[in-house]
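You will see chain A twice below: alongside chain B first, and alongside chain C after that.
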Partner chain A sequence: MRRAAVVGVGQTECKTRNLDVTFPGLVHLAVTRALEDAGLTIGDVDAVVFGSSPEYFEGVNHPEFWCGEASGGYMKPQMRIHTGGTVGASTGIAAFYHVASGMYDTVLAVTADKLSEGVVQLGLSTVYDPIFGRQFACGAPSAVAIQSRWYMHKYGATEEHSALIAVTNRLNAVKNPYSHLKIPNISVEMVMKSPYISEPIRLLDACPASDGACAMVFQEEKKAEKTCKKPAWVHAVSAVAEGVGYVDRDWAIPLALNKAAKKVYHEAGIANPFKELDVVEMYEAFTYQEMIWMEGMFLCEEGTAMKLIEKGAHEMTGELPINPSGGVLSTNTIGASAMQRQAEAALQVMGKAGEHQIDGVRRGIAHGWGGGIQFHTLMILGDEKP
Partner chain B sequence: MPRRIAIVGSAQSKFKSKLADQHYGELIYKAVMKALEDTGIGIEDIDTVVSASCDMLDGRSISNVFVAEAMGAFLKEETKVEEDGSFAAVYTFMRLLSGAFDTAMIVAYSKGSESHPHFYTGLQTDPHFLRPLDLDDLTVGALQANVYMNRYGVTGEQCAKVAVKNRKNGSKNPYAVLRKEVSLDEVMKSPVLASPIRELEAYPVTDGVCVVIMAAEEKAKKMTGAPAWITGAGHIMDGFYPGHRDLAELKGLRKAAGDAYRAAGIKNPLGQIDVAEVSESFAYQELMICEALGLCGPGEGGKLIDGGKTEMGGALPVNPSGGALCANPFMATGLVRIAEAALQVSGMAGERQVPGAKTALAHGSSGLGLMANAVVILSKD
Partner chain C sequence: MPDEPMVLKGNITAPYNWTTGQAAGRFLTEFKENRRIIGAKCADCGVVFVPPQEFCRTCLKMMEFVPVSDAGTLTGFTVVETKPPDNPFSLGDPPYVIAAVRLEGADTDFIHLIRKGVAPSSLKPGMRVRAVWKEERKGNLLDIEGFEPAPEAAAVISDQPILEPKIREVKGKVSVPYNWAYGENITKFFKETRDNKRIMGTRCSKCRKVLVPPVALCGRCFAMTEEKWVELPDTATLVAHTVVYLPFPGQPQEPPYAYGMLRFDGADTQFPHLIGGIEFDKIKCGMRLKAVWNEERKGDLFDIKYFEPLRE
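Right after this comes the complex of A and B.
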């Protein structure tokens, strides 16, 4: 396969309500920053891949057309990817395949959502089946509450474990200039005292709804080496689907993530991911998912993630830092969230993560989930050519 | 290109304006099973599934959530392109070209009957400038038709002839919604929907699914004796605001076709292409599409249809299937064009077969007034 690398990353500051900018404006800001970061202009870009999540969020169908000039896709090949929560990652992966196919050398991927312009949980409740599901449609928190409770019941994880995860992510977010929710004085006690929004998920166990955008520039090998002194090479990608409503589904074991993880580790030649990966950026919109995804991507044995959390292995100074950026728990635009994971992993590999940089990152992994908690994406990025 | 990719199988629903007796999951499952059976393979032979659908048509967020299983995507590499199915096909082509996968299935669907074209297309407008005008595909189409016809003196009769030709072709297509021939007089006397577009010059609301199976060379040759090789592909997005575009010229489509032609080594499209399947939601669009594809000069679309070159038996038949004027399942329309073009070069198009077709062109479109376009070239050799 043709090699491809990330040579530029652009993010917008994320907040509850970005009143001074339109949805295309957000897209444009991220694109401009990604091109500046790469030292390229839109004229260097051969194709654009656009991603955003349900169009009910902004109330505009096919928003890629409305944003077409802002994304730089005007009179270029541009298509929109939309896979729910994974869309940011699916868009980055699509940009990778655009390059790997040999059809395009420089591909811009951009994702965004302006969640303040819609009612997010209403939009997410329409995921539920109109005949069998709408009566109890309950947005995302209640669905993940069921998953969390399932995991706690199965393995004995507690609300304290969840609070530890919240604290780590929220402390990390303070160092990330683009993150939305910053609570520098966060403590386990504060998390445990926050009200339930859907048991066992408390307010501080949950992500905010953010306005924001993220863009990445992918290039083929020769151009990437010219553009960037230290590009982040794409070592492996995967996006796997699972079913959603089948009877025997075990919500604590993400089969799609298992399958995706096996594929990317195999392709990247990784035998012991916990040892061989230097940083993880994962999509946990709610704290408990961090433990489920850790096990799902084989960072530890089934039911043992809580021990790593107790040890602090996931902290900035731990054995395998998870979400130095503060993660989705601190910033959730939905549309851009899974791309921000890839972008942050790339920044870590490129050594450009600023205050939340982990020393000596050689290889990082970015994760996304979406749909009825059944789509999972992974991308491994490294400082050496694959 | 690093490796050769072919279309090895396809399936279409028997499209209807309303398939009230079937859930779209059922429609998808049936089409997927038919495509697999006709190709003589099982779902385990498919490496990756790519779908095309639209949340606002399905009336639900993340439209692929509940149909991933019906598509056979359970624990498979899967993704969704929220554009016309032709864009999903182009992306799938890239996924195969990369070498990451050897086989792929593309699934595009909609139940237009459960939505309304006015909402689906009208909500594509931005909330600030276009939404207050209450535009949709029909009204933007009417504006475009007027600009085009006035600039080049293309007549209402010439546009109507497209409907007559395509409805005649559609009468032989078992998958078409509209299968009754119409006369020029009937078209010209049909009520005006938005001037100059008349009722018989517009697409029918359509329910249904299209599935296409692609494979890399080695597997393609094992799966079928008549693979349809993809020799070129291109897609381009033009400007969003109709007022910012020259509506009479499909600049984006011209560029997309240029990219596809370059890859396929086509210098003289009229001479080198044997059959074309294009996505004309309204009759006038076929004339504009033919111009942008370089089948005739700018403004000569009217003369092209007058000369009969695009009829069955002409130099380059356009839409032997009847085109989008006979069945227009949003999101699947362009994929149907690709499936039909593949059937033509495989010699399996039945009553609508263009004898000896070796090279075929398929065109798909997304957006108002043919804003974004994809072109795929298929070849017997």
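Right after this comes the complex of A and C.
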């Protein structure tokens, strides 16, 4: 496998309803910005990987065809990726594979969704099994509410813990020009007074639905060094799926994430991820998931994430900042969300995260989550060659 | 004799508000207000796209909007002779003619219709055609009734300034009917719930765990389940739950309602269902539940109305 690095990142401002551009228009904007950031033109790109979530969100099938030109894919090899919520990360990983395999030197990955075009929870509910479960589905919130309740019952986490997580993410989002939901006066009390959408999840425990896109340019070693003074090197990637209804499944223990984490830490030579990682960008659409994923990524022991939250270890100034970007809790396009985690981790490593930059980031991890709570992806990025 | 496989009939219907953006927004606004067709020209490569694009398809640069003629050359056409059943997108009763027209001033073909009443036999690729506009226009593609042969049509291109996009959204709906096949195992499961109020599970040939719903494959072992099924009681333990408050269009249940993942006694997988007969704040993980059966059962998940607390 060849070395590969991220040399450019492009994001659109995310919002509830972007009436200025179509879905392809959003894709085009992110692509243009990523190329600008890298100092490249579309002519330098050898192949394009495109990703978006279920077509029911926009009501137009085959979006890679619809966005083929917007993504810069005219007369280039194009591949479409779709793995639910993880699609953004899977698309980045696929672009990395394109480069690492030796097939292509410069690969553009772009993901987007324009959730305002349709009814998000209805689109998400079509993901459920029509025979067993769609009858009760309330999109993502109800499934994650059950997962959250499961976790609380098992380990004793409370609504206060979730509110602390909401506050941290929402305060971070204020510093990110691309984030969607910004609540500068957020407080634990405000979160706990917000109404339940699917108990125990309250409105302020939940992500918004956003229109937005994200693009990244991956390059092989020699070109990356020429393109970019400080590229973000890909140290390890992993994408693991567990089943949906397998025997003895425990929704509070993400086995797929456990396996993905073991693989990337092994490949990146990380023995103690909590100490050796400088920043985490995690895909939590709902607060409680931050604790479940922290444990799933071995940042702490099972059932102890709430202790780290109580200490503020996850804050910008904490021992291991989680989601300085404001995370998925503040911006959720679904299609681009997991790629935004990779892009934000890359920006942190490159020192280009702006107001939400964490000092001295050498190595960061980006996580993606999706499907029926069963897909997980991880990517470790660092400022040194792997 | 194997059971005749059953099917769950359903439908997915979703409303949409599609954003028109700068290009289609201007295009539709000009349709409605000026009976004019707008294209987009790339400053770099000079290609004029109709309908207009927000950016150049080949070089990705932003576009300048330009008017084109509503007359041009018929490039190709097809006669639609049949109407597929349940097709929500079809244009009404066939036959109708879909045509590709290269408008004067454009470099791409515009796809539209041939006006009703024009005999398909009179059409030839290469012939000159012109748009027939409707008197009452709504700002959608069908503001043009269709194209008709017009040998003498001149290529008039009005150069008055192009309007800003006033039409910013197009509303629509997608509605698709489905027939989800239960397959052999689930057919058997629902025949048992329907006819005998009985819960049946399968057992993995490898790990020996019991699966409900009784699928044929144990996903964790990637091993088939055994031919002999396991009968289970209709009592269960609640593993975790939620009360849904969030409403949305097309929701299958009216909020608030409680549902959860439960484990039938003797099963090793979870099963989703509604929780009833109890105040929401009394529902607790680990509580014991019993199925409340529907009087009328059709062989689906609602053969059980909901699960209520088990009084032991």
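We take it that the second predicted complex is superposed on the first by the 385 of 386 C-alpha atoms of A that agree within 3 Å, B and C clash if a C-alpha of one lies under 4 Å from a C-alpha of the other, contacts with A are read in each partner's own complex, and residues count from 1 in each chain.
Here, a contact is a pair of C-beta atoms (placed from the backbone, for glycine too) under 8 Å apart; a residue touches a chain by one contact, two chains touch by 3 or more.
Values in this document were obtained by computation on a predicted structure and should not be read as measured data.
Chemist: Touching A:59, do we find chain B (first), chain C (second), both, or neither?
Modeler: So A:59 meets both chain B and chain C here.
Chemist: Under the stated touch criterion, which partner chain does A:31 make contact with: chain B (first), chain C (second), both, or neither?
Modeler: Only chain C; A:31 stays clear of chain B.
Chemist: Once the shared chain is lined up, is A:184 touching chain B (first), chain C (second), both, or neither of them?
Modeler: neither
Chemist: Which partner does A:130 contact after superposing on A: first (chain B), second (chain C), both, neither?
Modeler: Once the two structures are laid over each other on A, A:130 reaches both partners.
Chemist: Is A:93 contacted by the first partner chain B, the second partner chain C, both or neither?
Modeler: In the superposed model, A:93 contacts chain B only, not chain C.
Chemist: Counting only touches as set out at the top, which of chain B and chain C does A:42 meet: first, second, both, neither?
Modeler: Only chain C is touched by A:42; chain B is not.
Chemist: Would you sort A:243 into first (chain B), second (chain C), both or neither based on which partner it touches?
Modeler: Once the two structures are laid over each other on A, A:243 reaches both partners.
Chemist: Does the superposition put A:84 against chain B (first), chain C (second), both, or neither?
Modeler: first
Chemist: Do any residues of chain A touch both chain B and chain C, and if so, which are they?
Modeler: Comparing the two interfaces on chain A, one with chain B and one with chain C, the shared residues are 22, 56, 59-60, 69, 74-75, 123, 126, 130, 243-246.
Chemist: Chain C touches which residues of chain A in the complex?
Modeler: Residues of chain A touching chain C: 18-25, 28, 31-32, 42, 56, 58-60, 69-70, 72, 74-75, 114, 116-123, 125-126, 130-139, 141-142, 145-147, 149-150, 153, 195-201, 243-249, 251.
Chemist: Mind listing the chain B positions that touch chain A in their complex?
Modeler: 1-2, 49, 54-56, 59-62, 64-66, 68-69, 73-83, 87, 90-91, 93-95, 97-100, 120-121, 123-128, 233-240, 251-252, 255-256, 259, 366-368, 371-372
Chemist: Using the touch definition up top, name the residues of chain A that touch chain B in the complex.
Modeler: Residues 1-2, 22, 53-56, 59-62, 64-66, 68-69, 73-84, 90, 93-94, 97-98, 100-103, 123-124, 126-130, 238-246, 255-256, 259, 370-372, 374-375.
Chemist: Could you please specify the touching residues of chain C with respect to chain A in the complex?
Modeler: Those residues of chain C that touch chain A are 8, 10, 12, 14-24, 53-55, 57-60, 168-169, 172, 174, 178, 180, 182, 186, 204, 207, 209, 211, 213, 215, 218-220, 239-246, 248-253, 255, 257, 259-261, 268-274, 280, 285-286, 300-302.
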